[in-house]
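By letter and in written order, the chains are A, B, C, D and E; residue numbering begins at 1 in each of them.
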Amino acid sequence: MAQTLPYQQLTTCYYALTAVVLPVLAFAVNFFLKKGKAAGWISTIAIGATTVFAAIVFKQQWNAPLIHATIPWFTIGGTAVNAGILLNNLSVLLLLLVNVIALPVHIYSMAYMSHDEGFSRYFTYLSFFCFSMLALVVVDNLVLFYAFWELVGFSSYLLIGFWFTRDKAVQANKKAFIMNRIGDVGLLIAIMVLFSQYHTFDLNALFSADGLVANSTLTNGLWINGTSTIPAVWQYLACAGLFLAVAAKSAQFPLHTWLPDAMEGPTSVSALIHAATMVAAGIFLLGRVYPLFSVHELDALAIIGCFTAFMAASIAITQNDLKRILAFSTISQLGFMVMAMGIGAYASSLFHLVTHAFFKCLLFLVAGAVIHEMQHIRDENKLDFDPQNILYMGGLRRKMPITFITAVIAGLALVGLPFTSGYLSKDGILIQAFEWSDTKAGVFKIIPILTLITSWLTAFYVARLVFKVFFGKFRLSEVNPGLKLHVHDGPWKFNVPMIFLAICCLFPVFSLNPFLYEHAWIYKSFLPSNFLERMNPYHTIIPIALNILSLLVIYWAYAVYVLDKKLPLKQNNWLFAFSYYQWYFNEAYQKVFVQPVLAISTGLFAFDRKGIDGLIHFFNRIILWVAKLSAAIDRYVVDGFLHFVVALVRQIGNFARSFQTGRVQYYLLTTVVAIVAWVILKILI
Amino acid sequence: MNLLTLLIFIPLLAGLVIAVMPSSLRGSFKYITLLTAVIQLVLSVLIYLNFKTGATHAGVVHEDQFQFVQKLPWIRLNLGGVGDLQIDYFVGIDGVSVTLLVMSALVMIVAVIASWEIKTNLKGYFILFLILDMAVFGVFSALDFFLFYLFYELMLLPLYFLIGMWGGPRREYASIKFFLYTLFGSVFMLLVMVGLYLSVKDPVTGNHTFNIIQMMNPANYDAGSVFSALSHQTILGMPARMVGFVVLFIAFAIKVPVVPLHTWLPDAHVEAPTPVSILLAGVLLKIGGYGIIRICAGIFPDAAVQSSYWLGLLGVISILYGALNALAQRDLKRLIAYSSVSHMGFVLLGIASFTAEGISGAIMQMVSHGFLSSMLFFLVGVVYTRVHDRDIYNFRGLATLMPSYTLFVVIAFFASLGLPGFSAFVAEAFSLAGAFKSANTNGLLPQWMAACGALGILLGAGYFLWTLQRMFFGTPLLKGGESWKLSLTDINWRERSALIPLAFMALLLGVMPSLVFNKINDSVLLLVDFTRQFIK
Amino acid sequence: MISLTHYLLVGACLFCIGLYVALTKRNAIQILIGIELMLNAGILNLVAFGKFDKAANGGQLFALFAIVLAAATTAVALAIILNVYRRYKTIDPNKVDKLKG
Amino acid sequence: MSAAQILFGLMSFIALASAVYVAASNNLVRSVFMFFVTLFALAGLYVLALADFVAVTQIVIYVGGILVLILFVFMLSGRETLEAMQHQPKRLWKLANLPAFLICALLLIVLFNLFMNTNADALPWIKQAVHNNDVIKAENTMTENIGINLMTRYLLPFEVISILLLMALAGAAHLSRKEAGA
Amino acid sequence: MNELLPLIPGQLEDVLTSLRSFVPELCLSGLFLLVFLTDLIAGKQSAWLCRSLVSAGLLVVLFTDLQQVALVLREAKVLFGNTLILTRTAISFKLIIDFFAVFLALYVGLDRKLEQHPKGLGDLYTIITASLLGLHLMTMSFNLLMLFLSVEMVSLASYLLAAYRSESGFSAEAGLKYVLFGAVSSAVMLYGISLIYSLSGSLNYLGSNMLPGLAAANPVLAGLAVVLTLAGLGFKLSFTPMHFWAPDVYQGAPTPVTAYLSILPKASGFALLTNFLIPFLVYERWHAIDFRVLISVIAIASMIVGNFAAIWQKNIKRMLAYSSIGHTGFLLMAVTTFTAQGIRSLTFYIAAYAIANLAALMLVTYFSDETNAEDLEAYRGLGLKYPVAAVCFTISLISLTGLPATVGFNGKLLVFSSVYSIYQQNHSIWLLLLLITGALTTVVSLFYYIKVPLYLFIKKAEKVIEETEEGAAPSLLPIIIILSFLVILLGIFPDFLSFLL
């Protein structure tokens, strides 16, 4: 370390570095060892050790003054680019979070992937991902940030396409990478704008409390920094680029469609990367560059976040693929976080990031466990069905109690019922959204209201998911009576991580007071904004209204899915078999609630598929078309010009030799004509 | 013995040795060539290690700051009226050239290894190869324009034959196209060279001189000479210096190649045998970029700065156009050839910015592309030698059949598309950063160019990933069926030995770009400083 | 006194007639005759103007040399024509056109 | 009009008329003989220009040399040659000759125009020669003069042309030689 | 008696002093007589004897040429009463001519077709030796009579050489065309000279009357006179529009003769041209013709016609013929400078062109003798069968194209620089056009030159290559190798050549 840091800080730095480096060592070892079961242990031990270091760093650094340690990396022109780490609350929190999520997932994976041919490859990739992710959170400059930002995407690419012989997986990873690349380009442009304005890549210099960004202003269409002034449009462009990056990584509208497709990867990967860590990187980025955004840009963030949240939730309602439901849910929750950033609820947003990481990861692990069993059934009975379809499941709560319980805890956290972590974080966002809207024009009320509706939709789909999977009867055996069913909870490698994560979904981990999000330690450490005096009525009304209605929704769902056992969608032919009252309820439910929502949902889904994806396909086609066109231009115009020149040269040559008739008198005549022509020319001039 | 001279002429020596050896020893030719290449690598590494940095060793426009200089009087023709024709054997390097030398030396080795696949006319092949080898190093080290031009042209003929004799089915067309294209550029370069020679006088001897460094000093120009900045001469109504610059630029742009002067490249690459493709993409394209920096920008900084907008525009067009064309290809080699066009566009964009970041990025991109394109072409050669087919649609699921091969392909592809951790990322990022910064610092390039250039990165991901998906992933399905399956064995130790160093270098430079930047920084800064005074 | 212009004019006529003969005749020997006419036009000029160059006598001597050279040329040309006749059985130079393009 | 002028007119007329006949005739033998006439007429013109030695040479070499040579060629190549040469299709005016005719006429017009515009008798050098009395008079015998000049001032050309003739001799002899003899 | 008598001793004295500067020519004359007599006496065996005699004699002549250098170190010498001028440039030209004459003398005996000529080669040597005298005189002539005489001498020799293989129809046809075209040209030239004489009363370039007389005359008439004279020279140089004979004759003539025709008369023709033109340029009252423009236009036309038409050629000799027209254009470019530097570059370029062209034509002979290959198509795949010869061919063609590391490149560079330095002074658009055309036609020339290596190496032979029974003369290839080596050596160290020129 170049700077002289106090010994304490120096060790902290080394610990942090060790935490980053260990996974890459594991990666290297696995990479060169090739096949072998040892890979799982190597990676897991590495991540375990990393977790320990991360915890130490966290302990030492949480709420302590930030540490910024650098070594010179290279010098380009007049700019010395340093490599270093920046440890503040944000980074150490994420450092710990990633590890705490990654460790259970590693353990889980050892069981989950144990029969896969690519076992060691899997852990190689996984370690690489951990390395990239951990490095991403601690690095101190934009170049490195971009580097790891993209490496995270790359490892995600590798993991989504882990089963590379499956066409869908390969399509999905390509899509994911390219969409992320769009975001990367945005980020790159943003970085370049910042660099050209501030001539540095250093995050601390740029974004610290009294950093360069904080001291520059946007006035009269100009972006003024101490040394240079450029048109404000570049500031907008930087923000747009950053937003694009966030949208791509955190699957925000309109770049969200890769995430559902990314579910083609192993479930454990989805749990780690596409639920808890990588997708949160966008939020992390927002947290890092927060000072850059002006008020209007934040408003735009809020709107888009809110819209994404609502849209994804409404889509999640009707999905039947277990992992897709969770994927849309993730998009929705990320939307919450982005919106929270937009409304200035910086602390809540990060808080939600943390809590969400736990419960969503847990949900995926649960899903993985269930799918694992379903696959087992499929293979054992030599059937052909989609093991991820929740319509085939049901009643698993007795077969898989631990899984069930953890699922319920995670689900409740996701819904945001009291005593869970989700309650704490989500509540805060909602309350602050209402408070924020008070300061804005009336139209902005839509945002908190839409958020509220989204919460209820969340409650519904979570309930639907849990009921479909764990309640009622096992629907597959109704269709195939002779089904061999050896369904049970997974091995300890499944259970221990799940239980651990379930514990993390409960309130004591974050706040001793289960009802007041302001008391959460994470929240407190992130300098909450000032307008949250518990004076206003939102703080009472919203939690109560929200939770009561949520419970109501869950009950509806219970009514529909457990008591009814029939999908409300196909009600007409099945209704008479059930009680009138229930039918009436269903009818009402259909008419009043489900159908409109479903309509919106299908509409939005269609929009998602046809509209956004269609648009992307359209762009894709346009690009391909342009590519073909330019290839044609290349062949026919550019090369054609060349061939034309060659033909021209040959024709001139042909003309020149056309005089060469072989007749000597003709030659003489030509010569004489030339001379006489010269004489006449001479006379005329 | 001067290291640089040794470096340049060792291949010639080896070529002579091969020339006099009887054909019965033809098996040993490749080993001799390999040995030569290894010696060259050792020498170039020695040079690299002994290369001094610091503001007093920046070079560029200061003749005394060049290193490993050897200057011998060579041609002194008494021409009567206008004094002696003064041509020196003058070689030396500064930051701009040193990294390119090391890169070239390594790529040479890879090309020699790739030459194992050559089975016919070994003697001719290796002699031509070695002549080419010599010319390449000569070009990078020559500081006398005449010498530079000599080496520059000396590359044409060996390449013509290498493509023409050992190439694919349309080799005649490709080789003649290549030759004519390049010659077109270089003949006009000759005219400008002569014009420069007659405009510049060596202040010491008073003779006209071909010394490139002296051509950079406006004080050395004869008052009233064509290219004197003060005399404001015109050629066909255009400012003479601008004409000179444009002509030189076109000559080098053909080499780079810059759209729309690129169409020789896909044909040449597709038809060339693998080692020649490697050399072509890995080394020869760099000569274009090197020439633009050293010659165009060095000798005509005023014109270069004036026309930087157009240079940048051409760079951006190359980036996008090359990438789009790559997307439309189904021949793997052609795809990679077009990707070269796209990647070299970054070089031009970086240079056009005339910022330290941009030019460093451009040089880095040249070095990086040298490694990566060699790797890519080598990889194409691997498949092609096995089944003699390169059509992307004829393959599927190669990852299952050739896992190690696929690993290298993935590395090469991702490194090429600018994945951080590999050299191309640093290079492209800083080329773009330079271009971006330009608007702010010297006002030469508008920012939208950099932004458009960034789109090229995106498109790059498009075609590489598409290829990966289409060709390597999925379940194996080959056009040639079982027989192909049998021939498509995974890469062997020899192929590995070529690929690993390249991949390693790409990675090393990605992680430690200072290996390049430290050596070039002083020169780049000086160059930027030097050009800055011409910015109005 | 005969004006020199007259000599020039006669020479010009002779030259042009000779040229016409050389350009149009389909017989190598006739072409040769045309050439002799052209040569004589030149000689005529030399002789006419040589009158005013008594000391050096350039005109007349040149004329002598020219006559001798014409003779030598004719001899060589005839030898060649004879050869062509042996090969092609014609001395029409337009029919002797295997070499062209 | 002096006798010289009349003679000049006559000689010129004969020379040009016979030349035109040569141009117009398709009969080889006749044109050869008309060419003979032209040469004689020209020799007359030379005499009028006070170049008697040249005139004599003209007659000796052309008539005695060249024409005889041409006739020799006829004979060497045999009777059938002569017939083949004589029996050419009658084409006095062929359209194909039109361009040649036009260009020759054009050249003639140009030359006439130029010569008429130039007062040849008043050229500076001629005036100077008259002034220096460097003009050949009718009473001078130029043969002596020519002899001296050939041996002094023009010695080199004189010697060179001897080599030239020797070479032409060797070459022409080589070409005309029968192959079998070698 | 005669008023000339008093002048005789002075003039004889002049002749005697001039003889001292006339040693090479005297040697040549002696050699001519010797060869002529040997040929007469020796009969059938004469070829071998004559060849050795000529080669040895030429070496002596070369030596005497070199000795002459000392004579003209300070200033040019005027010989034989203003008929000849001996300058350093003339010596350079003579050196070039004699040097290549040695090679040609060796070469003619190595061409199988010529060697098998039933009438023997003895006369050929006689003619060549005599023509060399003419060539020498051409380089030095400073007088219209000498000009006409020397041109005629060379022309006559050329006709005879072109038609030499009397058993071949092509040779006879080439001879016929050549002699007819040449005779008309010389008639035209004679007419032009007679006009010059008419207008000025002088045959000496520097005679007191010539230039003032011409300058005072009607500019069109004076111009016409000069242009007609130039037309005769143009025939020797074969520049456009006097080039038409060249392709036919070059193709039809025996290959060594083609080599002779494309090198020697061309070289001395340029000497003659510069000698003829420079007085006009020096004389400031001459305005009838701007020679720089005229020559530039001719040069451009020649470069275009020669190079572009060559693209179409299938026969190698014919292609080289067209290319030599192009080279004439390029050489004229050097003439347009009318400076010492330009003339030096001219001689250099001629030498460069001559080496490469000679080598190329020898290779034409070589392949023709080995496999009866005359056309490009027949060259298919020969490169792999005859690698050394094919490599030499490539080298010489590269030199003709003017790519570096060959002597042709240096020549091109020198010509470009000399033209450029003039352009720098006067900014004449014509010079710029010349430069651009020169560059463009270089590219075009590659287009056809490269076809030869293309067919030799790259195109695969479609059928089995048939070899002739006896093959090429064994000593042909070593000579070719020497020449190719010279091409490279002088490409890298042009000093060796420029030292001599």
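Simple rule for what comes next: a residue touches a chain if its C-beta (ideal position, glycine included) is under 8 Å from a C-beta of that chain, and two chains touch if they have at least 3 such contacts.
It should be emphasised that the depicted structure is a prediction, and the values quoted were computed from it without experimental measurement.
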Report summary line: Chains in contact with chain A and also with chain C, listed by label, are D, E
Query raised in the report: Which number of steps is the smallest that gets you from chain A over to chain D via touching chains?
Result: 1
Report summary line: argmin over chains of |mean CA - global mean CA| returns B
**Report entry** Of A-E and B-E, pair with higher C-beta contact tally
**Finding:** B-E
Query raised in the report: Going by the average position of its CA atoms, which chain sits the greatest distance from chain D?
Result: A
Report summary line: In terms of mean CA position, the chain most removed from chain E is A
**Report entry** Centroid spacing, where centroids are CA-atom means, of chain A and chain B in whole angstrom
**Finding:** 39
Requested in this report: List the centre-to-centre spacing of chain C and chain E in whole Å, with centres computed as mean CA coordinates.
Outcome: 25
Query raised in the report: Where the CA atoms of chain D average out and where those of chain E average out, how many Å apart are those spots?
Result: 30
Query raised in the report: Between chain C and chain D, what's the gap in Å when you average each chain's C-alpha atoms?
Result: 6
Requested in this report: Return the residues of chain E touching two or more other chains; collapse runs of consecutive numbers into ranges.
Outcome: 4, 145, 149, 152, 156, 159-160, 163, 166, 175-177, 180, 184, 188, 198, 201-202, 220, 224, 247-248, 312-313, 447
Query raised in the report: What are the residue numbers in chain B that touch two or more other chains?
Result: none
Report task. Note the residues in chain A that touch 2 or more other chains, in rising order. Result -> 657, 660, 662, 664-665, 668-669, 672, 679, 683
Requested in this report: Chain pairs that touch, all of them, please.
Outcome: A-B, A-C, A-D, A-E, B-E, C-D, C-E, D-E
Requested in this report: Provide the residue numbers of chain A that touch chain B in the complex, in ascending order.
Outcome: 72-79, 143, 146-151, 154, 161, 164-167, 170-171, 174, 177-178, 181-182, 184-185, 188-189, 191-193, 195-197, 199, 228, 230, 234, 237, 623-624, 626-628, 630-631, 634, 638-639, 641-642
**Report entry** Footprint of chain E on chain A - complex, ascending
**Finding:** 649-650, 652-657, 659-660, 662, 664-665, 667-668, 670-671, 674-675, 678-679, 682-683
Query raised in the report: Which residues of chain E touch chain B in their complex?
Result: 339-341, 343-345, 384, 387, 394, 398, 403-405, 409, 412-414, 416-418, 420-421, 423-424, 427, 429, 432, 435-436, 439-440, 442-443, 446-447, 450, 453-454, 457-459, 493-495, 498
Report summary line: The answer for chain C against chain E in the complex is residues 4, 8, 11, 15, 18-19, 22, 28, 31-32, 35, 38-39, 41-46, 48-50, 52-53, 55-56, 58-59, 61-62, 65-66, 69, 72-73, 76-77, 79-81, 83-84, 86-88, 93, 96-101
Query raised in the report: Which part of chain C faces chain D closely enough to touch in the complex?
Result: 1-10, 12-21, 23-24, 26-27, 29-30, 32-34, 36-37, 40, 43-44, 47-57, 59-61, 63-65, 67-72, 74-76, 78-83, 85, 89-91
